[in-house]
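All chains are identified by letter, namely A, B, C, D and E, in their written order; residue positions are counted from 1 within each chain.
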């Protein structure tokens, strides 16, 4: 029997849910004209508690709960902490950047927190049913958030594109799950993994793998399943993009890791070249497209596609090195991407008043702090040493080289050289002396409030820590990788198995 | 059941047929997603895909005598309902902002 | 002290950078802090030659601490004769650079000095690190402050030049990283010394190793730059703030070639040496010719640098013992001379706000100090005996003549003569002849006290280096790679004669 | 019993039930007109036949013989389809209702008093009712008339909203019976007569109240008859309909009322069982065993219909926002509370 | 019997699905989809999934599709226009879909031991279903509440008018 009460294994999710409900209820019961901003602090505190609770889960023995539907292991804790961290930063960011007069703030925070529930669960679910529901929770939350600027026309447009393509992808994932269920008779991850080698219909398993990969790759916006990304990033409000370009992606990557390394480890020869191709395609397409963007958010959207490519390179790594590298990369990517979108939010404004690269001209003269931060995060995205981005790429490509994919590493690094071009285009635009005669257009000087300051501080600190002393985080990622590799033997009591042999 | 008319009920249908039907529905859904030009019908195509998948689940549940498959379908329905609520809300928001539902007119953001 | 001195050298400018970044941007405060920091770090670098043990093989002041467990990156730093004086040179140029920007940088001083000090750290890091990953880290890091500052303070189109500079040097470092990773995947270490032994003992497959060496070389060659890869130089030199340009010029790439190509992959280096020698000679001539026809003195300086750096490359890839001695010495000399030139031209540019040579003329009477110093520096650069440029050039040319090929040596010497031509012509056009309109219209303000305080010592240094190279040469020879290089070529007689002559100068 | 016999018997059942059901519909209309007349202190129909007893037949003949107008500009296929959907849904849902004691069976376990005994009978009724929405929605939309459209929009929204409360109100009953089978649900309240009815003994009066409210709304009946509020929308979704098509909507509405009454009877009022339960032992004649339950059932249903009419004659109409608020803010939470309370109670017992 | 029912309803299903694609009016498409869904419910019944069949009708046909038609009516969406984009999509779409279908069909036809379904198969009772649902799959069930909550919240947030807008629509 499991000595750990089941509830401990989902404690962070429970805390987040309660926070969300609290925010929602308070929001509904406050009279309309009252400001909702303080609800953001409630959400932030709740997220912090959840983060703390996930850290506390490290003390639990690795194992599953709720009839082997959810797992706690260093792997899940790693992603829980990551996601909670991202969400915390996103909330702090929103606190200062959401329009003050908005009556939607309460809903916003509730959605963010509820979305976090889904993302967290997604990383710890070991039952595909739960995976599916968690994925939907996080997706629906982000669909809505993406369309939060309703009055511009772009907001709903982003939302509908995200929504339709996201649901489309979900259908593929679901079909994959159906087929794997058909091949093995179960949807529990460990049971599937055990059943696959002896599965009667191997071709069903292959089809299932392909379909599930399509679904997940859509979610992580890897080429050729990336078409939604630029439009969504452009149309969604920047604070939301900070969230949705990182947290759901992190969760989806966790799912991808789980699927390929835990469900289909025996089919490595199949998915590895597939992901190789997707990785190369993603980075190349992402970078080439980003080169010609004038809109900062679109550019960063393509850059995030490219980063998905670099990240996928880690999947060429053998065994736990690949998992650890991928996990680490996600953390590094999240830190810098949240950071850069925080800066973009402040500079461009919630309504995207200054969306173009040329609008960023002379930023460092207008606001030295923001300019410097922008350049710092861009440097990290480029992969300059002593920033998180460097070690992310480093581990990813080390894993790839270790797994024998030298060409992948070379293509990847050349790509990151190419990527430097557009990142630096923006960075140097920001560093450039501003044009004196601006035609009298009022240039906003962004104010950095306490909450945003904290958010930026977190992002900078995380990026630097990951770049200078990545040891600890890498340790955590490796510990997670090891637990992901070895499925607990007694995940399910054999007596309770509800599946039986197929019809003769 | 009365044995006298039981023989008429003997004829069985191979499950593969159900699966083929499900695949066909799924693919028609994909096709619809690609060729339909109205946001609502595109969304309907997705629902069609989900329905195709559901049929697969039920069929496999029958094959394995595993209730899980059916429960999965149940959850898919719930999720589809939730998606429909949100999706249609988004569509209404789009319509308010742009006064059109034509996919090709939803093009504020293009290269 | 000896254990932690290298760490201190690395940390002081970094701490200065952080301090500048944190304190408010008020008046000259950042500049003062930067000056103080750079002086302190210069002082610290002087500790190295003072306590360097001659004749002791291997690295000194070495620290090797594990940093990251997997992959096994360790904080491994140390100096030998090769890097010792380069570190001092960087230390020396730092306060000079700060002073050079004292008045030139008028806005956003905080960012400027902070990045300047960061650049300082990165350069120290490159010269000191003996772990390939740490080295790579500093190597890449050294790009960033430079690029940003070019973008911020570029004279005309900063961002474009910065982008060019960055991409030219960043993209080649991609294969470099892959090569490093490949080495690590094969050997499990990033440690320079261990890798050197492993490669020398032939425990790695030769075929891929050849590619790895090429990847290393490619990255360095762009940074130096070697002839066909010099596209970024002219723009960078004409856009970069004076302080940055003088600090950076060429040193990193040349050092890396010596340390991480010739010393690490001797066999592979020997294989490609002929090509590089050829490219170097072409570079010398090409640079000199282009320098002759430039109208903008920054660009002239850039092509002159190309020519000189190619000469040093020639010295390195001659793969003779003397040649590499000369190369190292020439790096030092070029650092000082180029620095001084940048300062002087920067001063002119500050006064007259143009870099068109045509606009100048007849300034000697108006700014006598500047003219004098410029002439001294130009002569040092040309390689006039008794000045610093001579020793290195002579060592390189003679070793090439004897050890490599007479034809190449003669061609290279031709380049040196061309060098004299464009430098002297530049002096003539700037300072002599009839005064130009501009020279007449603007008040001739000569060098300030600060500038003099910088330049005279540099001039003296040029003289000392020319007169007593033996102060430096023994230390330079005391380098890790020496025995390996020695095996490649035995010293020809007359070179050793010259050598003893130089010894005698001591 | 051969398969052929089975089909024939089933067909017979279907025909009989439909005929009776339609007659029931017709006389419900009459009942309503008479009752409302009385409530408003007038006679109601009284000319055709004795006390107007033939009035429904005449009405039927009239609508059958009137000219069937299809206005220009309607979306024809749907315009024609809509009343068919509405009526067939109303008719189909009666098929799973057990209206007599199913203990009385023919050979081979053939049920006489229920067309189909489905395990999830309750869900079937709910499902078919929910399909019925299309009839109204499509009618309004295809008519190409603003009043119709508004009426049908209102109606659809109302139906969707109250379906939730309706479904939730039934959960308590289902929990008590432990089955979705209507027969089983009735049998679970058979033994102690009125005391074991869900309404009283089962302590489901709150659920019954919710069900009642939701049922009124579901059938678009007063006080929730906004979709056809004459004063605002002419006649709502069937403004453009005439003659037989109109009659079909009419029949569908009253059919739904009867179905709703049947469900209420089955779920809350003990179905065909006698209110005295086992207290009174009846003579064990076949006829008594077969017919008396049917009588009880019909009596209960008509009681329920009486309530309908009574409410219609008494209460004023809601405003639309009040309607929505009532459904979402009061009935829904109340239904959920009821579920919680019932489950607690069941767990406690 | 089973065979006949299967053929009839599978045919209806396919016809509905194809009609969904062919119809240019959203409401006709919606009705076709309803046909598909109801036929699917019958197929579920044939496969012994009684509860699901009912749920399919109630949830899909009765709730989701009502919502769809409701929105179509509300927005009065007209016929869709055929545009260049759609032809391009067809050009890519048809082959791609054919490939997917081909692959899946091959996989299914190659699969062994799939068995068959007849009228005499067991019907999964609601009890069995709920026994698993509330024990083994309790957590997913509970988590669904968050899903629904978020859907409600999202729909409300989206459907409400924006902050700046005092007047509905534009």
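Definition applied: contacts are C-beta pairs under 8 Å (C-beta built on N, C-alpha and C of every residue); 3 or more make two chains touch, one makes a residue touch a chain.
The structure displayed is predicted, hence computed values, not measured ones.
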item	value
Third chains touching both chain D and chain B	E
Leader among chain pairs (count of C-beta contacts)	B-E
Most remote chain, CA-based centroid, reference being chain C	D
Per-chain CA centroid nearest to the all-protein CA mean	A
Chain centre separation (chain A, chain C; CA means) in Å	43
Whole-Å separation of chain centres (CA-atom averages), chain B against chain E	3
Centre distance in Å when chain A and chain E are each reduced to the mean of their C-alpha atoms	29
Multi-chain contact sites of chain B, meaning residues that touch two or more partners	8, 19, 26, 29-30, 43, 59, 63, 65, 67-68, 71, 75, 79, 82-83, 86, 89-91, 93, 96-97
Residue list for chain A, restricted to those that touch at least two other chains	129, 133, 136, 140, 143-144, 147, 150-151, 156, 159, 179, 182, 498, 502-503
Junction residues of chain C, two or more chains touched	none
Of all residues in chain A, those that touch chain C in their complex	364-365, 368, 371-372, 375, 379, 382-386, 390, 394, 397-398, 401-402, 406, 409-410, 413-414, 416-418, 420-421, 424-425, 427-429, 431-433, 469-471, 474-475, 478
Contacting residues of chain E [partner chain A, same complex]	103-104, 106-108, 110-115, 132, 135-140, 143-144, 146-147, 149-151, 153-154, 156-158, 160-165
Complex contacts: residues of chain E adjacent to chain D	27, 31, 34, 38, 50-51, 53-55, 57-58, 61-63, 66-67, 69-70, 72-74, 123, 125-126
Residues of chain B defined as touching chain E within the complex	1, 6, 8-21, 23-32, 34-38, 40-41, 43-45, 47-48, 51, 54-55, 58-59, 61-63, 65, 67-68, 70-71, 73-75, 77-86, 88-93, 95-97, 99, 101-104
Residues of chain B touching chain A in the complex	19, 26, 29-30, 33, 39, 42-43, 46, 49-50, 52-53, 56-57, 59-60, 63-69, 71-72, 75-76, 79, 82-83, 86-87, 89-91, 93-94, 96-98, 106, 108-111
